[in-house]
Structure formats: structure tokens, C-alpha cells
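Two complexes are shown next, each including chain A; its partner changes from chain B in the first to chain C in the second.
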Partner chain A sequence: MLTDFLQLTVAGLSQGSVYALLAVGLIAVYTVRHVINIAQGEFAMLAGLGSIWLVSAGMPLIVAILVAILSVTLVAIAMERLVISRVKNLTPLLSIILTLGISTLLQAIMLLAWGPEARGVPLFPGTNLLIGGVSIRSQEFWMMGALIVVGGGIVLFYEKSRWGKALRACAEQPVAARIVGISPVAASVLAFAIAGFVGGVAGVVASPIYLSLWSGGVLLGLKGFVAAVLGGFVSFRAAIIGALLLGVIEAYVAGYVGSGLRDGAAFLILILVLVVRPQGLVLKPTAVRV
Partner chain B sequence: MTDSTKPTFVGKLAPRASFWTNNKGTLIGGGILVALMLVIPFTASSSMMNIVVFAMIFALPAIGLNLLMGLAGQVSLGQAAFFAIGAYTHAIMLTKLDLPGPVAAAIGVAAAMLVALLVGLPLMRLRGHYLALATLGLGFIVMIAVREWDVTGRTTGIYGIPRPTVFGIPIDNSGFFLWFITPFVVIGLVLALNLTRSRAGRALSAVNDSELAAESLGVNTYALRLKVFVLSAGFAALGGVFYAYQVAIVSPTTAEFHLSVSILLMVVIGGLGSVWGAVAGAFLVQFLGEGMREVIPAIFPGATGEVQLLGYGIVLILVILLLPGGLYQATITLWRKLPFARNRRAADAHATAAEDDTTIPQLPAVSTPVAAGEPILVISGLTKRYGGVVAVNDVSLTVPAGTILGLIGPNGAGKTTCFNMISGALTPTAGTVTFLGQVISGKKPHVAASHGLTRTFQNLQVFTSTDVVGNVYMGRYRKGRAGVLRGMLGLQAHEQGAHRAASYEILKSMRLTDAADDSASALPFGKQRMMEVCRALAAEPALLLLDEPMAGLSGHERDVMAELLRRLRTAGLTIVLVEHDVAQVMSLADHVAVLDDGVLIAHGDPETVRNDPAVVVAYLGTDLDEAEAELNELEEHA
Partner chain C sequence: MKKSRLRVIAPLALVTALALSGCSTANLGGDSAPDGDAEKGPIKIGAVLDVTGVGASLGVPEQNTLNMLAEQLNDDGGIDGREVELTIVDNQSTEDGAAKATSKLIESDKVDIIIGASRTGPSLAMRPIAEAAKIPMISVAANVAIVEGSEWVFKTAQNDVVVLETILNDAKEKGYTKLALVRDATGFGEGIADYITALGSERGITLVTTESFEPSATDFTPQMTGVRSSDADAVIIWGINPSAGLAQKAYVQLGVNKPVYHSHGISNQAFFDAAGDAANGVIAPMGRLLVADQLDADNPQREVIEKFKADYSEAYGEQPSGFAGHAFDAWHIAVNAIKEAGTDADALRDELEKAEFTGISGVFTMSPENHSGLDASALILAEAQDGRWNLVKD
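Then we have the complex of A and B:
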């Protein structure tokens, strides 16, 4: 009984790590451009399917993954340069339509390039562990590790580095940021690069277990959005905690209620949070309006 | 064939303008659509018939989504969810309960509207992206629910839906079906067109220009948006009802996200806010999808599945980047270039019509609910804190009816903050505002407006998407009553005509008649300010709050404004004005209140306030002793 519970918790935390990475990408873009990037989940699928293709072409796994993540980062930058930056007055309505268009386009490209089947990247190297009856797959360590290293790295980057502070300045005081010499163009490109990078990482670490599918990005991105809402769309830390919570709740629903209902849980949580506490899990009010 | 053909000077028509003039575009367009649908079954190939039938089915959810996006300024990514709820409910009522077709269809539409109401009640309060993502989530929930529930037939769905019969004729081929659905699409179209031109529709488009100004004129944004959202779900469900009839199978794919995307694409291609555009978009997207499904496998051998998404994605991006107004915008631009299109008068025609006369031809009506001298507005202990900063500190004031109160003070003294708390744009940290015996502080601006309090803005809040008379017309919102339903049925022409005529009268009193049909955004700054005052007066307020009404006006315009305010006071209107022009305030106001650093430092008749040492300090910036010394010195010299 307890073993089952712990088993589900581990699965939930590893899945939640993936949501957390996507939420980090969503918040990075939102704080700088006030754009909800509906294509965030597609970054993950693109990296997963790209890695599978590169591996099947004979590339070593580690190289294939790095190339895929890098390529997705470039796709995100291209998206910013070619599409997002071209619209002068980007209202929430337009930004949704535009990123939805990009999301649809990326899905169609993946469908045409790699077909309609769900596929997985080969498992990453490592050994599975059995602790007190709870088995933890090595891939789940990779997923949680990716969150700790990449997600933690991004949080540190934002809070400690000069560039990270500049990005936050752009979000909170865009005019002042421009006056002190922070280029809004560079900040926007950097934000999208971060979104592409974390999306790519999330996609490759999750693919061996949860598979990559051309149309799977919307659902995954929306889970990231639920986590970002829990973080009030401004706080990385609250969003990461929210994402882990979401992953665990989903695992319990799948384990104790029914696996078909697992995805429904996320959206019930979303609607509940929006109704009860739209500012998310953030405790103190912040300067950034959502 | 759109609103662009509307007469440019409706106000000159009698309130009961002829039905034909008011509805020319709708009648011609509707006639063409009906004629096409009558002929198509005799001429089109079966694959063409298929496209046309599905275009007509999806035109309904597209019209609904277009209303939501164009009027409420919100986007739903879950239109397919409501489509599916309509289709499933209809199918269940027909196959499991054997209900008659019309009843089953009505229950299907009602079910979707109920779900929209439940989702919209909390969500329409939130701005920006939340509705879009919540409806996207709703789409997934609906899909999961129908897949997991026995009643909805799980993954196989519901099949064996009986064909409808009309007057004993079974609708069993595409031609009959097209004739079956066309009346419903046309009725839906007319209802939607009526709504966009109704009191509610105009209010919502004003909200999209300036939510603050619209609410200050009495528009309850939240309630109107919620109604439009519920309505848009109803349109989607009606499409689902017809889908269930035509396909005879309802499966979880009806709730698919990609269907929501294609409905969104129809609206975007057609042009946001253009009902006809949504119908045209439905046809274009059906043709585009069919074309892509034929072309793509030829280019990429082995491509299967939803390949049309490639075209959808590209078109979505390109339309937003290159033609954000969609087909509607393209049509309007082309129409204006045609030689026989009526050109609008030169925009600067009114600029030369300067007159030296400052008399006011006619005085707009004002409402005087309390006798002159009775307190109309009571402010007590009004305080606003931002973190540690106190913007307004414990201000108490009583404004007697039929007087002008001038509120002055140096920059940053908290005058506009005070105004915003009185009108409801800001919630006070402490204290209350009582207007006509009702506490209005902490409530939305439309509450104060509905009691008869109207305001203008320091930073102009012009409804840019309409003309000058359209702006003033919005001021009449409070005086109108027609709701969403009456608007859709088009039963408010009389009311609208009367309000339009009243708007022209008010423009006349401010000598703006020449500019009445010009785009409001093209007006010079000073005239925009006058127009805002006209708009506020159109509401026939009992209390008028003017935030710097003289700023940006020419000397002559200031004189007209001052004369108007004096005469309005004589007529019984109570006015509170914030103004930088101290000389004007002193000559106009019966009472003057001075704010400095958020504190009310003086209040009384202009003469007393002028000689108050604390006021002198506030304006000269020296401390009290120094000021007194200086004053004494001045007096000694005198």
C-alpha cells in the first residue's frame, strides 16, 4: 500500500519535473514579452522526435540529444525574429493566435517529417534502483536531474547573473531598462532561447518513458501552463513547486482513480486555481501585473 | 455587402428610418447567400457539395467565436468543446431518449450554454490569456469525459442518429441537408449582425477601445462579456447539432483541439469582428483543408492524417502578420479604391469653422434628483495607500447639489487619485464615498454611472473605433434599456434613433456638429476633449466629474467650456472639476478644495482659499513661517 503510494509519488515527481521545465520556459517568455507561448510544448516534441531521427541516422545518443536541443533553441530564436518581433502591437489576443499558428505549423512539419506514430528516444545510460520496494528507473533520475541542473541553473541565472537581472528589469520596468542600456531585442531573443532550450531538454529526457508524438505538445505545454499559473506567471520557484505538485496529483489520479482521467485532473486544477486564486501560489504581491 | 454601406448621416433620418435603409447590407448579403445555397445542389459535384455542407455547419461556431473575439475581445480555444457538447447531447437525446428533433436540438444548445455559463462566471472576470487557456483545457476535459463515459459511447461514440424529417420529407441527401441548414445559418447571421450594431454590441466595442471610459458610462463589462461568451457557445452547439444530423456519428474527435484551431482560423481569415467574414472564412478554410489533403500527399509521398494543419498554421501566421483585419479589411480597402465608392468628406473641413460666438445654442438636459444645496456627494475619510506611500490621506468633503467644486493642488497632490476613487476606477484603502445616499466607493465604475455620476479623463479616453457622434452616442448608454436579446432581434431601432438624435443635439451645443461624422481619433486634441465632455453630458448626469477639462483647449474653446459649465450649474447640475488653470477655477467655482501631498489643506469659497497661508505655501513651496513673513512683507509694502 505504502509502496504503491511512494511508487506513484516518484513517477509523479519525475513527470512533474518535465512540467516544471516547460513552465520555466513559459514564464521566461511571458515576463519579457507578455506572450503566452502556445508552442512551448512543441519545442519538447520537436527535440524528442529530432533526437530519435538523429540516433536512427547513426549519431551517438549524447551527440544527437545535444544537437536536437541546440536546434530547437535556434527554432525558438527564429520564431522570435521571424514572427513575434514583426508584430508591433502584440495584444494578448494576437499573441495567442500567432503562437497557436506556430504551434500548428510545427505540428504539421513533425507529422510530415516523422509520421503519426508516437516514438521514444533510447533510454539514457544508468541503472534502475530498488529502495524499500520502490523501484526508481534511471530515466526518472535523468528527468529530475534535468530539472535540478537546468531549471536550477536558470533560476540562478535570473537571480545572480548580470544578464538575468537585465531580463528581470525588462519585465518589471521596460522603459527604465531601455534607458540604462538593456536592449529589448536582445532580451526578447534571450528569453525565447531559454524557452527553446528548456523545452528541448524537457522533451529529450521525457521521451524514453513518455514518448514523443507530433500532436503531443499542446497537452504537454498546457500542463506547463497550469504550473506557470500556480506560480502566478512571475515566480519560477512557485511554478516549479506547482509543477511537481501537479505531476504527483496526476500520478495519484492515474493510480487510484483511472488512468484515462489523468489529464482531466490538470485542467480541473487549472480552472479551480483560476477561480479561487488567480494570483497563484505566490504569497506576496509583486510589481509585475499579470 | 457589410456595414460599410451604412448611410453616413443616420441622425438626420427620422427615428423610424425605413427598414430597407437600415438593413440594406444584411438583406443583399443574405439574399445572395440563400440564392447560392438554392442553386448549388443542382450544379455542384459531390465533393464540392461536401465542402459546402461542412462550411455551412462550421459557419455557426465561427459566427459565435467571431462575436466572442470581436465583441468581448476574448479568444476561446475550446470552441470545439461546445460543438461537441451540442453534438453529443443532441445525439443522446435522439438515440437514447427518442425525443423529437427540435427538442433534442434545443437541449443540446442549452447544455453547451449552461457549461459556458458555469465556466464563464469565474473566468470572464480575468483578463488576457486566461479564458483562452482555460477553454483549451475545457476541450481536453470534454474529450476525456466522452471517451471515459458509457453514456457517450466511449471511443466509438454514438451512431445510428436518425435523419431529420421536415414536413414529412426525410433529409437524406446533401442537397436537402443544405436547404435544411441554410435558414438556420441565415437566421444566426442576422441575429449576430443585429447584435454587433445593437446597444450591447456598441458598448462592447467601446470597451475594447477603453474599458475605463465605457465602464464610467455605465457599461457592465463583465455581465456583457459573459452573455456574449454563453451566446458563442450556443452558436457552436447549434453547429454540433447539425453535424450530428449530417454525419450520423458523434465521436470524441468532435472535441479535438485541431477542430478548435480550424474554427479560430475561419474567424481570423474572415476578419475579427466581421460576422460576414466568419461565414466567408468557414468556406475558405473548408476549401483550404480539402486542397491541402489532396496536394500534400502528392508532394510528400506517404503523408497521412491531419496534413491540412500545415496550411492552417502558415495561413494563421501570415494573416496576422500581413492582413490583421482579414478578408473584411481587404474588402473594405478594395471597395474604397473603386471609382464609384462614396468618398468621405475631407477630415479637416471642420477646422476652419471657427466662430467667435461663445453663446451656447442649446443646453443638454441634466437630471436634478436633489434640491440645490442638499448634499449630493459625501466623501468621508477617503484614503489611498500604495505600499508605504500615502497618495490620498483622510480626505472628507461634502458637495452640495447645484454647485461647482474646484479641486486644485500642485502636481502629485492626489487629485486624480481622489477622482478615481470617487468614480470607482480605484478602490480606496479606507473611507467611503456616498452619492445620492448610496455608498459607491469600492464598486465598479458602472455602478456609480448607473446612479448618475459621469466623468471625463485627464488622459483622454476616446473610443477610437467609431466616429465623434458614436462616442457621444455611447454616453447615452445609461439612458437605454435594450439588452442582448432585444439587440439580436433588432427590436431597438426606435430607441437607437432617438439616442442618436439626442447625440447630435449635444454636439450642436458644443459646436461640434461639423465634426460629427469624423473618426474620433482624427480629431484635434482640443476637440477630443470637448467631445469627451459631450459624451459625459449625453448621459444626463446628476454629478459631472471633470478631470482637467481646460487642458489643451484654445482660449476661445476655454471660454465656451466655462460658459457651458456656468449654464449647466444654473440648470441644476453639480460639477466637480480638477484643473491646473487656477484663475479659471477661482472664477468658475462656488467652492474650492486644495489638496497637497494627499492632504486636504483648505476648503471654502474661492476668496478664502486664495488668501489661505497654507495654500500659498503649497503653491510657492516655502514653509509656513517664511510664507507668513513674505505675506506680511507684501502687505506692509502695500
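Then we have the complex of A and C:
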């Protein structure tokens, strides 16, 4: 029984790592631009399907993945430059409608370009481990590793680097940030680049076992959204913890209650959090912390 | 950070995104031509297929097959000089999409016969509509419930009961007495546990545990964990791809280490794409299409299969799947019946009940009592090895 419990926990943590990366992207954009990016999940699918296409065109796996992640980062920047930045008086509601449109457009492009069938990137190198009856798949190490390296890197970037501090300044005091010479344009572009990058990373590490599908981004993006809400849409750390919790809870629900209820669990959590504790897992609800 | 605002927009985002996932429409078929007289003008064949969504790995090759066959038929002058007009509608792998598509084909396109859907759930949603309108329908899905007791509905995929019997006979020969089932949670997997219990009791086989998964599922750890800790001798995974392939991959990666059977729902390349090396050693009952090169030279199906494979790979640059074969059979059974009986619905239905056809999925013999037309002889057992199927029992 303990083996089963630990097995479900491993699956939940690796799935949660993917949600966490998407939540990081959502929060990066929201804190700087107050845009709720519905297309965040599409970034992941775009990177996954793009890598598969590049691999099938003969590119080595590692190169294909890097090119795909970079391309998705550029797509995110293009989205900011061509659409988001053109809108005067951008409200969060308007941002939802706009990014919903972009999400639909990206889905349609993926459907036309790569067809309706789900596909997976080849497994990354590595061996599966069996520890005390609990099997940990090599790809699950990659998923959790991606969160530690990329997610952790972005948290450090925000806390330690000059650019990161500038982004936080834009989030906390946009007017003051402008007065001290931080370019709002550059900050916005950087935020979208981060969103595209983490979305792309999430998409390629998850694809070998969870597959990429033109329409798969909606649900994945929503799970990232739930995690971001758990982080009060301000705190990376709280959102990452929330995402891992979400992944694990989903796995327990699927394992002990019924696999059909797995997605329901996420939305039940979303509703409960929004009603009972809208600041999510953030402990000090007054300060903006990113 | 304004919390009150977030409280409003968060559910809003959720609702819009959910609405989005269910509101796109795609009509992949042709145009609706003006109505001709019942026995003149073009013959109208409608098809409702799972072209997008979870059934895409079935619906796409079926769509390809029907388009190819319609073109071939019209190039040869149609049926009795009448052109055949094929309209394919995508049901997006949903039940309500299938029901709507069926109504549209019947009411606005005025089709003479309907082919589809790709999966059991959507097919069951179409059945009452076709019956109420008294339009013959040929499903390409598996569950026997689609045709049971129906006057107007036929199907071409092998019955799931026959598939299960084939699996259970093999299990009995190998001495397995306890089976675990991991099944598709939708129509295709419905009732499978009961069949195994009933058919198994005659063979001294009991079902010790049942797990289920959604066809859109990507993580199979909970199900495989349950199977791993059961005392089953062997496991049946019952689903379609990509989910069945992903389940197989998780099965091997989580070290279940029991022999595994799959259903005929995996007879396509998508299984190997999703499962990779984890597919090796899987045993599945299926039609003869994927092992055509290993059949006896005098097998009656060999010629028709080889021609279909050649035509399909020439048209689409890839090998056809078992599902393409179900569509091939449905098309020919429909066209042969129209050639005999014309497009009068009652005459056509009576003709379909007399249909005999040597096709891709087996040798069909329809009758008023049997609207499926295939028995256990339509199935072989094959074992997966390095991305291909090897014939183990014909």
C-alpha cells in the first residue's frame, strides 16, 4: 500500500512540475502586464509538436528541442509586440478575450500543420529506476529537473538579477519604475519571453510521456491557471508549491477515488480557493511578491 | 494586486476557456447539392467520423479511405451512371457532435445511407436518429450494443464479445486463471468487465480487478499501480490509441511484469508511436490487414487486402490501419447494396441484411439476426515486435 502511495506521489510530482512551469509563465505575464494569458498552454503544445516535426525532419533530439523552445519564445514575443502592446487601456477582461483568440488561432495552426493526432517527442536519454518497488521513469526525472533548473532559475533571476528586480519593480510600482528609467516596453517583452520559454520547456519535457496534441493546451493551461491562483497570481514560490500539490492531489484522486474525477479535482480546488482564500497559498496577502 | 478583481476574472477565464474547447465546428465534407428525385440524381452517402478529438487515430484513416474509394468509384462512372456524393462530417469524437452531424446529414443533405461513427459512444448516439428517420447506418465501431436489436443499424468492426472470446481462449490455453482489466471508460469499454466475468466462468477464469481510464488520459500510474498490486496472472488493456499505447508504456515502465493482451482497438501505427519499445510482446486479436504478408497464399482475404494496401499507400504515402479497413468494408457493403437495391431506404435495408462480402476485417455474412456479420474466424492473434505485428495464430 505504501508502494502504491509513493508511486502515485511520484506521478503527481512530475505532472505537477509541468503545471508549475506553466504557472510561472502565467504569473510572469500577469504581474507585469495584468494580462491573463489563456494561450499559455498552447505554448507547451506548440513546442512539443514543433520538436516532433523537427525530429522527423532529421534534426537531432537536443537541437530540435532547443530550436522549438526558442521558436516558441519568439512566438510569445511576437504575440506581445503584434497584439498585446497595440491595445490601449488593456483590462484583464480584455486580455482574456484577446489571448483566447490567440489561443484559438494557435490551435487552428497546429491542427492544420500537424493534423489531429496526438504524438510524442522521443524519450529523453536516461534509465528508469526501481527503488523499493516504486518505479521512477527517466522522463519523470527530466520533468522534475526542468522545474528545478528552469523554475528555480527564474525565481533566482527575479530575486538576484538587475533585470529581475526591474521586472518586480514594474509589478509593484509601475509609475515609479518608469520614473527611475525602467522601460515598460522592455519589461513587457521580457515577461512574455519568459512565459514562452517556460511554456516551451514544459511542453517538450512532458511530451514523451503525456504526448502533444493541437487541442491539448486548453486543459493544461487551465491546470497551470489553477496553480497560479494558488499562488495568488503573484508568488512564484506559492504557485510552484500549489502546482506540485495539485499534481499530487490529482494522482491520489485518480488512484483512490476514480480516474474520471481527476480533472474535476483541479476545478474543485480552483473554486474552493477563489471562494475561501483568494490570495491562495500566499502567507502575507498585502505585499506583492514575485 | 487587486484581489477583488481577480475574484471576478478568474472564473470568467475558466468559463470562456471551457466554452472554447467545445464550440468549434468543422464540416470537412462537401456541399449540399439541390435535392434530386429519389431514384435519379447523385447517390448521397454521408459519413460521421471521429476526425478530431480522442478518436482521431481512427477517424483520419477512415476519412482517407472513404475519400479515396469515392473518387475511385466516380472515376469508374459511379453506380449505374449515377454519381456518388460523399459528405463526411467530423463529430469531434463527441456523442452530441455525432448526433448533430447525423441529423444534419439526414435533414439537410438528405443522404441515402450513413457510415459511422468511428467509436462506440458516438455510434450509439447516432443509432436512435438513424432509426427514427429510417435511414440505414453502418457503424465502423466495435461494441455489439450498436447493432443489437436494431432494424436499421449495421456495423463492420469485429464484435467485442468475439474479440474477448479469442483472448480468453488463449489465456485458458496458457493456464492463466486470474485476469485484471484496464479499460476505456467510454462506450468502447462499457460492459467489458461483465463479458469477461460471464465468458470467463465457462473457462475457469476470474476477473480479479478492473481499472478504467478516459480516452484523453495521459497519466496511467494510478491504474497500473492497482494492477501491479493485484494477484492477476495476466492483464487485458482495452482501449484505443493514443491512450492504449500510453497505458502500455506506463505498464512496462512501472514494472507490472505480467503478460498483457490488448483489444483490436490498437491495430494501427499510433500504437507503436505511443508505446514505443514497450509494445514488444503485446498480444492482440485483430483482423488480417496488418499481417497480410504472413497469410497463407490461398487465404480468401489476401487479394482484397493487398489491393487496398497498395491503393492506400499510393494515395496517402502510409500504410492503412485496421480502422481504414473497417471503413473500406462499410463503404463496399453500402455500395454493393445500393447497386442491387437502389436508394429506396426499405429496399436498401433489406439488401444490407443479405450482404455477403469478403473484406479487410473478415468475410461478412449479414442476416436479419446478425447485423455485424463477422464471427471468430475474422480474427487472428498477433504479437507486437519491433514496430510490427507477427502472426501467432490464424
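Keep this in mind: the second predicted complex is superposed on the first by the 285 of 290 C-alpha atoms of A that agree within 3 Å, B and C clash if a C-alpha of one lies under 4 Å from a C-alpha of the other, contacts with A are read in each partner's own complex, and residues count from 1 in each chain.
Note that a contact is a pair of C-beta atoms (placed from the backbone, for glycine too) under 8 Å apart; a residue touches a chain by one contact, two chains touch by 3 or more.
This is a predicted model, so every value here is computed, not measured.
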*Looking at the overlay, what does A:Ile96 touch: chain B (first), chain C (second), both, or neither?*
both
*Now for A:Phe192: first (chain B), second (chain C), both, or neither, which partner does it touch?*
neither
_Per the contact definition in the header, classify A:Gly255: touching chain B only (first), chain C only (second), both, or neither._
second
_For A:Phe43, using the defined touch cut-off, is the partner it touches chain B, chain C, both, or neither? Pick first, second, both or neither._
neither
*Which superposed partner A:Ile209 touches (first chain B, second chain C, both, neither)*: second
*Have a look at where A:Gly264 lands relative to chain B and chain C in the superposition and call it first, second, both or neither.*
first
*Return first, second, both or neither, reflecting whether A:Phe141 touches chain B, chain C, both chains, or no partner chain.*
neither
*Pick one for A:Val87: touches chain B only (first), chain C only (second), both, or neither.*
first
*When the two structures are overlaid on chain A, which partner does A:Trp114 contact: first (chain B), second (chain C), both, or neither?*
neither
_If I apply the document's touch criterion, which positions on chain A are contacted by chain B in one structure and by chain C in the other?_
36, 92-93, 96-97, 100, 103-104, 111, 115-116, 215, 218-219, 222, 225, 229, 260, 267, 270-271, 274, 278
*Please give the residue numbers of chain A that touch chain C in the complex, ascending.*
1, 3-4, 7-8, 10-11, 15, 36, 38, 92-93, 96-97, 100, 103-104, 111, 115-120, 123, 128, 130, 135, 137, 209-211, 215, 218-219, 221-222, 225, 229, 232-234, 251, 254-256, 259-260, 262, 267, 270-271, 274, 278-279, 285, 288
*Over in the complex, which chain A residues touch chain B? Could you list them?*
36, 83, 86-87, 92-98, 100-109, 111-112, 115-116, 215, 218-219, 222, 225-226, 229, 258, 260-261, 263-264, 266-268, 270-271, 274-275, 278, 290
*Provide the residue numbers of chain C that touch chain A in the complex, in ascending order.*
1, 3, 5-7, 9-14, 16-18, 20-21, 24, 51-53, 56-57, 59-60, 185, 211-214, 217-219, 221-223, 225-226, 229, 242, 246, 249-250, 253-255, 270, 273-274, 276
*Can you list the residues on chain B that touch chain A in the complex?*
69, 73-75, 77, 119, 122-123, 126-130, 132-134, 136-138, 140-141, 144-145, 147-148, 257-258, 261, 264, 268, 272, 296, 300, 302-307, 309-317, 320-321, 324
